[in-house]
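Shared between the two complexes below is chain A, which pairs with chain B and chain C, respectively.
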Partner chain A sequence: MNAVAQPSALQVRAQDFLARYEGLKDRLPGDAAVRTAAAAAFARTGLPGPREEAWRYTSLRPLAEIGFREPLGPLADCAALLAGLPAIEGPRLVFVDGRFRADLSAVPSHVTVRTGTPAFGTLARLDEKLVTLNTMLAEDGATIDVAEGIDAGTLLLISLGSGSHSHPVAFHPRHALHLSPGASMTLIEIAMGAGTYLHNPVTSITVDAAATLTHLRIQNESPDAFHLSTVYADVGARGTYDSFALTLGGRLARMEVHAHLHGEKAAAHLNAAQLLGGNQHADFTTVVAHDAPATASRQTVKNVLTGHARGVFQGKIEVARVAQKTDGYQMNQALLLSPDAEIDSKPQLEIYADDVKCSHGATVGDLDPDQLFYLRSRGVAQAEARSILVRAFLSEALDPIVHEEARAAMETAITAWWERQSV
Partner chain B sequence: MLEIKGLTATVDGKEILKGIDLVVPQGEVHAIMGPNGSGKSTLSYVLSGREGYEVTGGSATYDGQDLLALAPEERAAAGLFLAFQYPVELPGVGNANFMRTALNAVRRARGEPELDAVQFLKRARAELRRLSMADDMLKRNVNVGFSGGEKKRNEVLQMAILRPKLAILDETDSGLDIDALKIVAEGVNALRGPDFTAVVITHYQRLLDHIVPDRVHVLADGRIIRSGGPELAHALEAGGYASMIAEAA
Partner chain C sequence: MAAVAETLDAVQSVTESGYKWGFSTDIEMDIAPKGLSEDTIRLISARKNEPGWLLEWRLKAFALWQQMEEPEWAMVHHPPIDYQDVHYYAAPKQKPGPKSLDEVDPELLRTYEKLGIPLKERAILAGVEEEGGARPQVAVDAVFDSVSVATTFRETLAEAGVIFCPISEAVQKHPELVRKYLGSVVPVGDNFFAALNSAVFTDGSFVFIPKGVRCPMELSTYFRINARNTGQFERTLIIAEEGAYASYLEGCTAPQRDENQLHAAVVELVAMADAQIKYSTVQNWYPGDSEGRGGIYNFVTKRGACRGARSKISWTQVETGSAITWKYPSCILQGDDSVGEFYSVAVTANHQQADTGTKMIHIGKNTRSTIVSKGISAGHSNNTYRGLVRILPRADGARNFTQCDSLLIGDQCGAHTVPYIESRNPTAKLEHEATTSKIADDQLFYCRQRGLSQEDAVGLIVNGFCKDVLKELPMEFAVEAQKLLAVSLEGSVG
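On to the complex of A and B.
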């Protein structure tokens, strides 16, 4: 009865991360005070566990079973991974195992970029455990600034997990992106890799008045990888944060996006598609805070699940008293192509203003047998008919993507994913 | 030649087709008329291979090939086409892509070369003009937002593009105004010839004023109770189904 409780796997893993921090802290770049505070917080809170409401559907246990170390050693060769990158033209910032690689990058001309140190900025957020972990152990990151009124075009932010280490590695890049008033940019983020690793990036985004950031993400990590990313997007008056995230990779993945609409008529589009098979688990969690009048948010999240895959969507919309005329829309749709696949959908609306338009919905189902028969009656073989209907299901999310090369890259990744499934 | 012998079928365990015997020789157009619930749509679905329709007896062959043993797409490759009574909407699927995919699937199965986008569009536009359809019909999603008449015309457009050897038109006239009906009928008539065999299923005689059939069959309670020439449709229109069914009983 009075036996000492064994520490849980999550606690052991948290201790392990703390120990790595102790060993590394004198060598890590950036603001030491920020790190010290994060380490103290992490020592108290540890990793998120299943009793927390925000982590009810996503367990980090599989992650806790693996001992990660920091990626030490010489520059990893990643020719094979580089060859697998989609063909998208333009300047790029390439990080390998969380470290900036000038030799693989092409720095853009219209923006200011600083690397070599984590971009902590003013974002402390000790309430988010994974962000705290990132703050404690971040080694590198990109600080990107776009000046007033500049259209910065396209920038690629590429993360490669090299898989070239003798042990699983964890990396925690910390990026910050600032668009000055009236500026615009398309940021295309691609995460790929090989082997077992934890990629835990945190990106803080500031979209000033009348600025527009288009943020397209392709998460195509190694099948054994863990991808836990957090994005904070603060959007000013008439500014737009327009994002689409495609999740195909990783063994366990969570993308968390916090959008704060703090200026009048600010807008956020947090669209996503999760295509999962085998034993994959992926979670798309959003928190949209409407904190100014006439702000708008749109979320269309599509899930295609095969095998024993599990998809999670948690979408929270908070409308402050001041945020009258808010327009919030959220839709989560899932195609379950196998009886063993599972989707968990949790919408949450907290509305304190009285003149708002907020709606949410969710659909779950298999492919429509009438649609399948219609295609087959026209001569289209069953497998192709299924593929066509899956594409059609995703088209609502993909078609609005204006950047042709990025959309083509996503289509290609989806085709490759589909060909790997036996459905 | 389509040859149906003693065909029986159930839906949800209920017998709907109770022994259909029907021969449609090559190059002929036959009409099947019958009241609601007589089994007209069930016959069309059984012939095209829709799931949920269980054949419990009899046979259906086309040119000696056992239709019932084939998957729906294999029937299409063999030359069968069903014009749906209720065409299905495919949101997110462009009409042009849909038709090209279908055409190329059928051409592949027949060992014919596939058409590229340009070749396909040329052919599709020619058929569109013949059916008095607007070009933008190809750009829209399949049947999404189409009026009832547009959906039926889209079925006939698909038929014109796929050029089947055996077409089953399931109440293609329902929901059509007289102008649309004429266009649809012209679409079917344009395909008529020695290599085109068709079964036109309809509730009303008026379609048969425009697609004049070689033979008319009356289906009631899962059986064909009368067969005759085009004049049979007029007799039905005058006397109604009830008296004919009573007479046959």
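On to the complex of A and C.
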């Protein structure tokens, strides 16, 4: 390597983030020691680059071209964005540009919620560079606790990028969610916005023994936004982390999920659908660590790609030596609906126990011409026939969602997306 | 005439027919000093009396290699390799071989016996000098250490117009062919080990099948590693012109060793329109002892280019040996309607590590590829399938089917699957399946209650697990491979 080489665009952007930290560090809330360690790590490692195996399909280059600053100024007016939210009843926590807005929120009664400071938690690791960035610059977040045996019902966690600033903004909310033994809850996360911004949330989720978290996400960010989220989910004995993530928005998006099944018979479902058009790029990356006997994981990931869109799926199942009787299943399917769309898929098994049942499958292709013909021969118009087949393709991932309102909201969003595409 | 005797003859004739740097006279110079530098490369090139362009080519590879870093992405672990502690050139020793099988290491013979190798072939493999023996059924280009010195059946092949000779000889006799195709599939700077090979390769096989010729016999090479501390850097180049067909068998045995040995071969296949190349490997090198000491490091680059329309390249491999295997036989499907196949069985036991798979690059229209990989891990071993299927935008109607199955025997081993699937064409169809499991108790019970021993039962079940791949092997190899599987897993069951 040439010592006098020009720093890359990513290095320049990393330096910029560090400079922002230097300017802000005395004012940022929360544990200063955690933050200092993160800043030191970030100064060393910077942003993930294309030579890293975990980032081989997703380049942060477009992000590097934009100078982000903090959202300053008066409280943004989000009436238009709020009006566009799907109609889902229930208590809600609303964050605008990464900051909690009590005036827009309705705090739930069955759970303890604390805001105003980032919820660093203990799960996040500083070897994830975006998590390090988040730790260094996080300003706010929700700490949510559900007590033992409580069914906390539904909670909405809403993030809005207000788009009311004269410059691109970056926000790094940091949430932590803890379900005590036997507790249950449905968390519905919705991310929307306007304008150019970077939304880099990190969420640490602890599901204790026999607890169940249903985590539904709708990522419908602004077309110019960057959405880079990381979720850590630790699941104890007989606990369940049941998740579905729908990706529709953003210019460049990545959802990364690290599920750690450390108690006997713990289970994780990491289902997702990515619907992309134009020049969108979205990446769904998961790592499921089976670390106790008889644990189970299920993943069904669907991609529908049009225009010049690029979809990425990376899924890794790790089975430790102690995790006998593991059942791991992963299915990744992609529909390429245009000649310029691209799918890159990397399902991966890493297995150190012998008495296991692990499998994965992947398929890539266009709509089946025979199926299209069948519908056309029954008088269904071309566009309608395609729409029917795409919905059928997605249904396998959507069907397990039991929350009626959430599923309806997703289906509405999918319909709206489909109508925007001219395919 | 047995192989060694023939070897000696061939050395004699080659030496007399113009190898002015002939190695028969100067014992001191049989092995180049340890270490790698431009001088080493110049020495190798001079020894082999190579034309200037080849030396340039080697030096270019060496320059690139010096700037490269050893890849770390494979799921294998080994102490750092000191590339300066390797002999890069060794000519075969002129010492006589054993006079009969009685003089051969009984351990080696037991292995042959278990593998069911015919007595005559055993003698050849063990290097026994024998007079007037029957000829082997396959054309053997025996590579003893680095210099390929014996080739049989050459006349029959010559009649058909097939060229099958050591690549060093091809450089002398067919320089235009070598120059045209060498490095055209695996460029000099392709990867760390290929660049190293390009710089220092000493010998290997060269096959040229002219237009419309169906090669009259299976072509075979027995690679063997004999000299201590000798890196093996074979270079194999197979060209099938339009409508030609060749089936090539590669088999390996190596005597026991305490030191790790580096092996970095490169194999290049070129298939023109309507041509077919079938390349089969049974790799059975010394895997190290039960504690993981010793054994061969097998870092191989194998790649075939389906250049013409309707061409086909098929790789079949049974990998049971080597301490570490790093090997991805690949197909570049350039011609429309071309076909690539990869059938693999990889067995690891004790402390072996294998990271193997394939790459299928679909460029032409209606190209098809099939990948069937069976990994079996036992003992403390780790076995990884790593494969890439890439569909480029022009590859309308491309088709891929991939199946990777892993079998775990024992709870101290690992089985991993790392497929990469990339598609940029909506008319392409790709399917991928992978499973991991162990030998089912009910299968074992069924076999045991019919009187099979535990080991025989496991052997039977493993063979069934691998059947899809084994049936692709030419007959010469199929029987041997089945027994090899059982032998490789000996002692790991129970």
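In this section, the second predicted complex is superposed on the first by the 418 of 423 C-alpha atoms of A that agree within 3 Å, B and C clash if a C-alpha of one lies under 4 Å from a C-alpha of the other, contacts with A are read in each partner's own complex, and residues count from 1 in each chain.
One rule holds in what follows: a residue touches a chain if its C-beta (ideal position, glycine included) is under 8 Å from a C-beta of that chain, and two chains touch if they have at least 3 such contacts.
Bear in mind that the values here come from a model prediction, so they are computed numbers and not experimental data.
J.: One more residue to check, A:Ala381. First (chain B), second (chain C), both or neither?
T.: The answer is first: A:Ala381 touches chain B but not chain C.
J.: Please indicate which partner A:Phe373 is in contact with in the superposed arrangement: first for chain B, second for chain C, both, or neither.
T.: Only chain B; A:Phe373 stays clear of chain C.
J.: Between chain B and chain C, point out the one touching more chain A residues.
T.: C
J.: Should A:Gly365 be classified as contacting the first partner (chain B), the second (chain C), both, or neither?
T.: After superposition on chain A, A:Gly365 lies in contact with chain C alone.
J.: Would you sort A:Ser109 into first (chain B), second (chain C), both or neither based on which partner it touches?
T.: neither
J.: Touch check for A:Ser166: first (chain B), second (chain C), both, or neither?
T.: Neither partner.
J.: Answer with first, second, both or neither: which of chain B and chain C does A:Leu349 touch in the superposed model?
T.: The answer is second: A:Leu349 touches chain C but not chain B.
J.: Please work out whether A:Glu396 is in contact with chain B alone, chain C alone, both, or neither, and reply first, second, both or neither.
T.: first
J.: Once bound in the complex, which stretches of chain B touch chain A?
T.: Listed in rising order, the residues of chain B that touch chain A are 48-51, 71-73, 75-77, 81-82, 84, 87-88, 90-93, 98, 101-103, 105-106, 109, 158, 162.
J.: So in the complex, which bits of chain A are touching chain B?
T.: Per the stated touch rule, the residues are 369-371, 373-382, 384-385, 388-389, 391-396, 399.
J.: Spell out the part of chain C that touches chain A in their complex, as residue ranges.
T.: Residue positions touching the partner: 73, 391, 393, 406, 408-438.
J.: Considering only the defined contacts, which chain A positions touch chain C in the complex?
T.: Listed in rising order, the residues of chain A that touch chain C are 53, 321, 324, 334, 336-366.
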